[in-house]
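We just call them A, B and C in the order they show up, numbering each chain from 1.
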Amino acid sequence: MSKKLMQAVMFTLFRLLSLMVVCILFSIVGFIAYRGLAVLRPQFITGLPENGMTEGGIFPAIVGTLCLMTGSLLIAFPVGLLSGIYVSEFAPDNRLKRFIQIMTNSLAGTPSIIFGLFGMALFVNQLGFGDSILAGSLTLAILVLPVIIRSTEESLNAVNPAIRQASYALGATRWQTVYRALLPLALPDILSGLLVSFSRVSGETAPILFTVAAYYLPRMPSSVYDQVMALPYHLYVLSTSGTDPEATRSMAYGTALLLILIVLFFNVLTVLVRRLLSKYVNIK
Amino acid sequence: MKKLFNISNTLITLLIKLCGLISGISVLLIIIFLFSEASGLFNKPSIDQETVIAISKKNTINDPEAIQIKQIFNREIRNWSALGGKPDSILLFRLDDLILYYPADAVTEVPDTMRARINRLFAQHDNLIGYFPASLMPHEFSGRVLRIPNLNVMDFIRGREWIPDARPVNIYGALPLITGTLWVSLLAILIALPLGLAVAIYMVEIAGRNINRILRPAITLLSGIPSIVYGFFGLVVIVPFIQDQFGLPAGESALAGAILLAIMALPTIISISEQAIRNTPQSMKEASYALGASKWQTIHKVMIPFASRGIIASALLGLARAIGETMAVLMVTGNAAVMPSGFLEPVRTIPAAIAAEMGESTQDGLHVKALFALGCILFVITLLINLSVEYMQPRTKKRMML
Amino acid sequence: MSKLEARDVNLFFGAHQALKNISLQMEKHTVTALIGPSGCGKSTFLRLFNRMNDLHNDMRLSGTILVDNKNIYQRSADVDALRKKVGMVFQKPNPFPKSIFENVAYGLRINGVRNKNYIEERVTRSLQQASLWDDVKDNLNRPALQLSYGQQQRLCIARALAVEPSVLLMDEPTSALDPASASTIEELIYELKIKYTIVVVTHNMQQAARVSDRTAFFYLGELVEYDETKIIFTHPTHQRTQNYVTGRFG
């Protein structure tokens, strides 16, 4: 086969395969959007589940997920940010630094169900928090910790070293250098790490299975020791173990679409934040 | 003023170091908790401590394996000769069976009477095997209490049966779950790798900037969609599709899981291998073109070999993600904890087993510990994969602190 | 009384010895030029005086470095305070991506200065000293990165001057600039020596001859010769120095 023909054949093949993959991926979103849009009404967002979860809304699950997102990032963001700063700016290039890097990388690759087991063993049982927002938030916090550490570390590393030198040469301490000179420059990347974490926490199911999620609890939590419903677990319940899986299907489509929209929202927000901040931060 | 400044500076430095340490030890904590919970399963018999299994004193067999006891009570072994005893049919006794031997109103009597009756039963029937609560153990027992062998780690990993609710002995053999996990995940990567690679090559060399400007954020979006949503899609689309196509009684199968996992692994594989291919130095490509190679030849002979490490890394990361995936798999694979025999059969993976069975098991029971032990296996497998990826891609050169 | 002094300095990075047995005194209100071929250790030597080498992990130092007769490497030394006293200007201009004003005010702010009038006064004064004031006085809130390269370098000098150092270290301050900007900076160095002790690392022989009072020639980590600039450029003692300053190697 001639060189040209071979190339034409291969490129056509690649085009077709790519088209196929793109179609599959988009059809998933499209399919759920198509079925879910009909359900996504104001009452669906603000209502309580009714009639064995076949009607009404998913408000308690939305509130629960918001609680978990806030709780986990309140814990993970400061700890992750400071850890990232430690690894990038404070740690001497020694075994401890390497150890923390390997550990955070392993943490990033650990399956989410493992976090669920760990959260159950430590927070629910050992520390006696029970199934609660507190236990679930802590579990999810450890899950997203590596995302925040990495984005902080990488964005600080990407800052031009000359900036660091200039600051130290003027007698700034490490913290002053980080706070006044480096963080403003690293901010867009750090913020996108935070937004990715939010979107990740909103959809995780396995870690909250044994730490917080309630099957059916149509009231608002009153303290961090309460159980809550959560969107992803609610979708699981609706699609597999509802009282009547066929009757709850439309509720499930709506919930699935809402989860996709949350991810989409944070993705768009990330792009916007980067664009907005890069105007102020024009060198790297 | 200066002093105050120094103190706050020291404090913040301390805080930063503390956080670094916390993050570092969080994995250690996970390992410690996982393994210490799991260790409760091993080096003791897989039987409720309150339960006693006994046979007649006249029965000469050696202490049987846990799996044999399960077979006896399942009536899969019906004769003592199978265990090296005298040929005689096996007579079973469960505490509930007391009604068969005594009138119903007698069963609810005081423990002492119960003890006497149990004692008499074991004295009367040479071929009897039975279990009862240790609290009902007669004082001078006429039967012989069987010692159940301890479960060790190798038995756990190699055991071919997973029956956590078997009575009186629980059977914890993780092999069907390990096989199920690898079976589904490897098939998923086999499907996803060629497709992902094709898209990656398309994005680097064929697609124009405008197409990439749409494709890249779309792929980011897809990698962010929660697995539960993919699982739901699998349940309402892929499972019925497979059921119809292959005329199965139920579409929940290893194949459904593999297809779904392949779709979920695609964004990972595409973005990492695309980056790897794109990193081919311009000079290397130009050298190939200068020798008269076509674009495809350059891709095939120069860029893919250059990017091979990155491509393998992408496949491994996709595999690790597939192995650890819980919810999606739980929803579409049918969850039968048996050795997989074909791709159209239901299988149960390790994460799915943990998620599904944790709710059913009693706190502090052996079953929970067995699930933690499964968690350890899962952790070790994914850790090995992640470390090998780490090893394959040495971190970028150390940055000088200044 | 000498302002800067090195006594028997040996410096290693890991196994590599960067400086060999160097002793050198630099007087108050003089400009000292450090010259020598690339990799001879002159920049490393310069950076000893504000401890910028500290941020390498594998650095080992023997000997003493004195600033105003105080050993700056003794355990109790305050590195941050030292760096305020010993200012530095780098090879490439490295302004922060902030406004002109904030760049110059940075050093004051990290020292905890809050008085607005004082900061404004220091910024104006420093920009004047760095002969940048006339170029920028109309709008101090412009981003520093909008300035030309030469202006950026003068901004960096102003930034260093704002914290009122007594020593100014300059690491090839003109090598990244066009000739016109470079000569502005040279004039500036000449003016500044009235108030500061200045050490300049340079590759440019003419520059060393023009601006410095004394010149030290480094070769492969050793101090070959140190004398008045006139003598180094006209009657050096060592053949190597002669070869280098006349452009026969390096």
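Operating definition for what follows: contacts are C-beta pairs under 8 Å (C-beta built on N, C-alpha and C of every residue); 3 or more make two chains touch, one makes a residue touch a chain.
Quick caveat, the model's predicted, so the values are computed rather than measured.
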Based on mean C-alpha positions, I'd like to know which chain lies farthest from chain B.
C
What is the identifier of the chain with the smallest separation between its Cα mean and the overall Cα mean?
A
How many angstrom between the C-alpha centroids of chain C and chain A?
48
Averaging only over C-alpha atoms, locate the centres of chain B and chain C and give their separation in whole Å.
62
If you average the Cα atoms of chain A and of chain B to get two centres, how far apart are those centres in Å?
24
If you look at chain C, which of its residues touch at least two other chains?
52, 55, 57
Contacts with two or more other chains occur in chain A at residues 93, 165, 168, 173, 176
Among all residues of chain B, those touching at least two other chains are 400-402
Touching residues on chain A, where the partner in the complex is chain C:
92-94, 160, 162-163, 165-173, 176, 180-181, 184-185, 281-283
Chain C residues within the chain A interface of the complex:
50, 52, 55, 57, 80-84, 87-88, 90, 92, 94-98, 106-107, 109-111, 143, 145, 156, 159-160, 163
Footprint of chain A on chain B - complex, ascending:
9, 12-13, 15-30, 33-34, 37, 194-196, 198-199, 201-203, 206-207, 215, 217-222, 224-233, 235-237, 263, 266-267, 270, 294-297, 300, 317, 320, 323-327, 331, 351, 354-355, 358-359, 363, 371-372, 375, 378-379, 382-383, 385-387, 389-390, 395, 398-402
So in the complex, the part of chain A that touches chain B is made up of which residues?
3-4, 6-7, 10-11, 13-15, 17-18, 20-22, 24-26, 28-29, 31-32, 78-80, 82-83, 85-87, 90-91, 93, 96, 99-118, 120-122, 125-126, 142, 145-146, 149, 157, 161, 164-165, 168, 173-176, 196, 199-200, 202-206, 209-210, 232-233, 235-236, 239-240, 249, 252, 256, 259-260, 263-264, 266-267, 271
